[in-house]
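One structure is given below, represented as structure tokens, and several questions about it will come after.
Chain IDs A, B, C, D, E, F, G and H follow the sequence of writing; residue 1 opens each chain.
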Amino acid sequence: MSFIIYLSGEIHSEWREEIKQGIKDLSLDVEVLSPVTDHDASDAAGDHLGEESVTFWRDHKSSKVNAIRTQNAIKKADLVVIRFGEKYKQWNAAFDAGYCAALGKPYITMHAKNIIHPLKEVDALALAWTQTPQEVVDILKYTLQPY
Amino acid sequence: MSFIIYLSGEIHSEWREEIKQGIKDLSLDVEVLSPVTDHDASDAAGDHLGEESVTFWRDHKSSKVNAIRTQNAIKKADLVVIRFGEKYKQWNAAFDAGYCAALGKPYITMHAKNIIHPLKEVDALALAWTQTPQEVVDILKYTLQPY
Amino acid sequence: MSFIIYLSGEIHSEWREEIKQGIKDLSLDVEVLSPVTDHDASDAAGDHLGEESVTFWRDHKSSKVNAIRTQNAIKKADLVVIRFGEKYKQWNAAFDAGYCAALGKPYITMHAKNIIHPLKEVDALALAWTQTPQEVVDILKYTLQPY
Amino acid sequence: MSFIIYLSGEIHSEWREEIKQGIKDLSLDVEVLSPVTDHDASDAAGDHLGEESVTFWRDHKSSKVNAIRTQNAIKKADLVVIRFGEKYKQWNAAFDAGYCAALGKPYITMHAKNIIHPLKEVDALALAWTQTPQEVVDILKYTLQPY
Amino acid sequence: MSFIIYLSGEIHSEWREEIKQGIKDLSLDVEVLSPVTDHDASDAAGDHLGEESVTFWRDHKSSKVNAIRTQNAIKKADLVVIRFGEKYKQWNAAFDAGYCAALGKPYITMHAKNIIHPLKEVDALALAWTQTPQEVVDILKYTLQPY
Amino acid sequence: MSFIIYLSGEIHSEWREEIKQGIKDLSLDVEVLSPVTDHDASDAAGDHLGEESVTFWRDHKSSKVNAIRTQNAIKKADLVVIRFGEKYKQWNAAFDAGYCAALGKPYITMHAKNIIHPLKEVDALALAWTQTPQEVVDILKYTLQPY
Amino acid sequence: MSFIIYLSGEIHSEWREEIKQGIKDLSLDVEVLSPVTDHDASDAAGDHLGEESVTFWRDHKSSKVNAIRTQNAIKKADLVVIRFGEKYKQWNAAFDAGYCAALGKPYITMHAKNIIHPLKEVDALALAWTQTPQEVVDILKYTLQPY
Amino acid sequence: MSFIIYLSGEIHSEWREEIKQGIKDLSLDVEVLSPVTDHDASDAAGDHLGEESVTFWRDHKSSKVNAIRTQNAIKKADLVVIRFGEKYKQWNAAFDAGYCAALGKPYITMHAKNIIHPLKEVDALALAWTQTPQEVVDILKYTLQPY
């Protein structure tokens, strides 16, 4: 059975591809799950269910449709990797961290040094704080060495 | 038995006091829990356990000591109110929302219109989005009318 | 500690008052919880959070505000009594029954003979099917005899 | 691993076949579960365990035998789709919705506009409200796009 | 807060009274719960909900009505004491033991030496096997010594 | 994925083989689990861990070793079938029923008419009462008809 | 409602009394639970249930009787403090830590610097590492400041 | 589906290899999981995430990285075998036992006679106490005999 990871958070850099490449290079038996990372598609996830004139409800519908994918991904994952980038609020990433913490689902974070302080509660219950995709791959390599 | 609410999130405005005043004015049977809202005290919560030269670990220790209070508050609460202000990252507030969602603990949010979009995943599983302390008090008044 | 019951379902007859009267007549140590039973107030539960031009969202907001009260009531109850009347769809009552069943929360139903067939799945996991408030009171009296 | 959906509710129209056809047309990796949809067979599910002269008990036995299939289907499903038709009480469908809600199992509904109001509690905790099989298929297509 | 015990099982001897007397003699802060121990009343617990001509259903109704009391008692108890007497099948007592085991609820048994072998699975997950009410009281006395 | 059943209880008749034969005859996709049904082997399950001079502890060790198999079997099963024969106390079977009930694991019973009364609490939470292996097979056939 | 702490672990020093004194000096609203700390009494907790010639079973009986007290204490506690002293194996203390971790129960440790390394897995999921009773009291004081 | 075991505890003897050999010799369908058993590698598991000058934090980081592997292993295991050797504190092994106990995960211990007393709480909730790898293999052989 493969080890399943879910890559939550930032969608404006190539971090997911770098982790996937690292997994491939090492031939690790890892299945990678992710949210829909096309920003526009994600924002429009509920549009086909009918147009909304009020912004709140358009967002509401789309975020719930996205939740079908993300809730299942978190439940199936053996490890959740939560990435915080330099920009944007990224409250959904912190939300996923809290969701994992309450479920007892192992998660690690990936973010730069300059946002350590505002992420202290998120890091408090994480099993590791990483700064680069390579560090995530190193953890996977370590974790998945033969039994 | 009193109805217990936990007021999570922003610590730089008077919203908690306004909710408490509203509860008092209506003589509602509500017990109000909160995190430690003194910013400096909260950041220093772990300092008495020994100094740390590395920022990450100082933050780590303090956020864990704070978690003793906040985890218990969330578990005891009948309703969690999560406030997002205009400034700062406030990832701990989003973390609390995810924590509530995974536990099936009812929560509502309180934030301005201009941050609807980045909070859409947090609002998706909330039982209400409010904009003012008065709206929170109105919900409590409605919820606690006689059986 | 009092025995707590939650009276879910139909709001167009006096069944809750009859059960309360029966409890009072027998001086049973029972605390009675209920949803907000004023139909118009219940439909308008979310209106103070802002007007909605689309019916679906007005209903959505109100039903979620009501859920704050009902989810807490079910969790606190030792026994849930779910009443189905002669009229209306009353899907919220069946929803509460399913909610109780999944939580392992004891519940009983109260309905007339002529709707036995469509309620068979709801009755399947109930601990009793009753037809009158008096039968509910009799069950409480039996259950609460001295230890 | 396939994505598993359970199609709960109405058995008097072709909605399940339309969803299955849509899944097939798009070659989605979805496994479809359903209750026994032959009405007479479902009502008679317990008859082979001995005849009952009292209607209540015949229904009771059959609905419990059916529960073996439906409880397992809900537990195995990644998403439950709950359909309410124009006719009949369909309390079992609302019961399934409440069951899902309490388990934290993602579910969506499918029903016409004219029954929005009586279904507001059921829709409140659903991750989407759809009106046609095509909309359900669209959600599946969106949810299952490559990771 | 008092320590709560539930006394499950045999109803044809005075063991419950002896335990209560022992608690009273030692002034232990223990609240004692029990099923309805009047055999005829227990068998007739569902009779007021309508007569049944088939024995199975009369028993079915009564045992479910009794379950309202017993399920709540087990959930509220800090310790369940399960007594097996010399006579009768007493499958309900073994059922309660399994129920406790699955919930992680501490339970102890009380039975004579000559039925050790058939009770080995029940005793396997019990926290003690006792033979007399006095031994149960001794355990309570030990457990409840001052903190 | 196969449907998994666990056949708990009586080990002195051929009921397990008859159910297996019925499953085979109908080519049902069912995996059958069972306890160790060799009575002497089961009683001696812990003997290789060292001899015991006291009967209670020999039984204790063996029943715990057997629990490794039975606890896993119950957890993996989609349906548990619990058989009560004419003879012996069979408290382990009732224990398994209670264990299933507390876990929300679907179970059915199989026993003759003459022991309906002492099994009423066990039957109360079962999804069916059967009398013959053929009836169990019929339920499986019904439950496993194509989706 | 008081804040409940359970003081687990070492029984050969005065650390519990020092924490109690600190709580008293500050008039904190804390209820303190503990295991039976009289070593000989604890080892003999099961002796009144009959003598055992084999050491393993004497220990087995006593540790299970003690578990009635300790399991309840952990479940009721808002915070568990786990003390490791200089001497002895103290595996029961580490066992309690693992028990807390799996339940999501907040716990902190108290031990000297020289045993940091062997306790690293225990400290990994703790919310704080303390070295003195005073530090524990400081955490309580901080946690229990007014809401 | 294979039976999964997790071998927790001592890393300074060949007990894991002996169990694996026994499984191989008997061709048992068992998948064996283990922690990283290279002591130095395990202590350095977090070093690639950045150097730490303070011992506590180096240990902290490494033990959390190791927890990714061990928490997943325990959750996936059908049986956990926990080995205590003659030397060292081995608190992580006792921690794993407590973790299993709280989750209701079956576990057995393996240790010599001379440490029965300090392990009495750990053994109290174990399903077996073994002394040699051969005894563990015997239990597996017994447990996995054909259904």
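Please note the rule applied: a residue touches a chain if its C-beta (ideal position, glycine included) is under 8 Å from a C-beta of that chain, and two chains touch if they have at least 3 such contacts.
Molecules present, by chain and UniProt name: A, B, C, D, E, F, G, H = YtoQ family protein.
Just so it is clear, the structure is predicted and the values come from calculations on it, not from any experiment.
The fewest steps needed to get from chain B to chain C, moving only between touching chains, is 1. The pair from G-H, F-H or A-C that reproduces the interface of B-C, where over half of the contact pairs by residue number are the same, turns out to be F-H. Chain geometry summary: the mean Cα position of chain A and that of chain B are 24 Å apart.
Rounded to whole angstrom units, the spacing between the C-alpha centres of chain B and chain D is 37. Per-chain CA centroids place chain F at a distance of 40 Å from chain G. Touching of two or more other chains is recorded for residues 64, 67, 102, 129 of chain C.
Taken in their complex, chain C has these residues touching chain A: 52-54, 57. Those residues of chain A whose C-beta lies close enough to touch chain H in the complex are 1, 3, 78-79, 106, 108, 127-131, 135, 138-139, 142-143, 145, 147. Residues of chain A touching chain B in their complex: 55-56, 59-60, 62-64, 66-67, 84, 88-103, 115-125, 129. The touching residues of chain F, when paired with chain H in their complex, are 32-34, 36, 41, 45-46, 48-49, 61, 64-65, 67-69, 71-72, 76.
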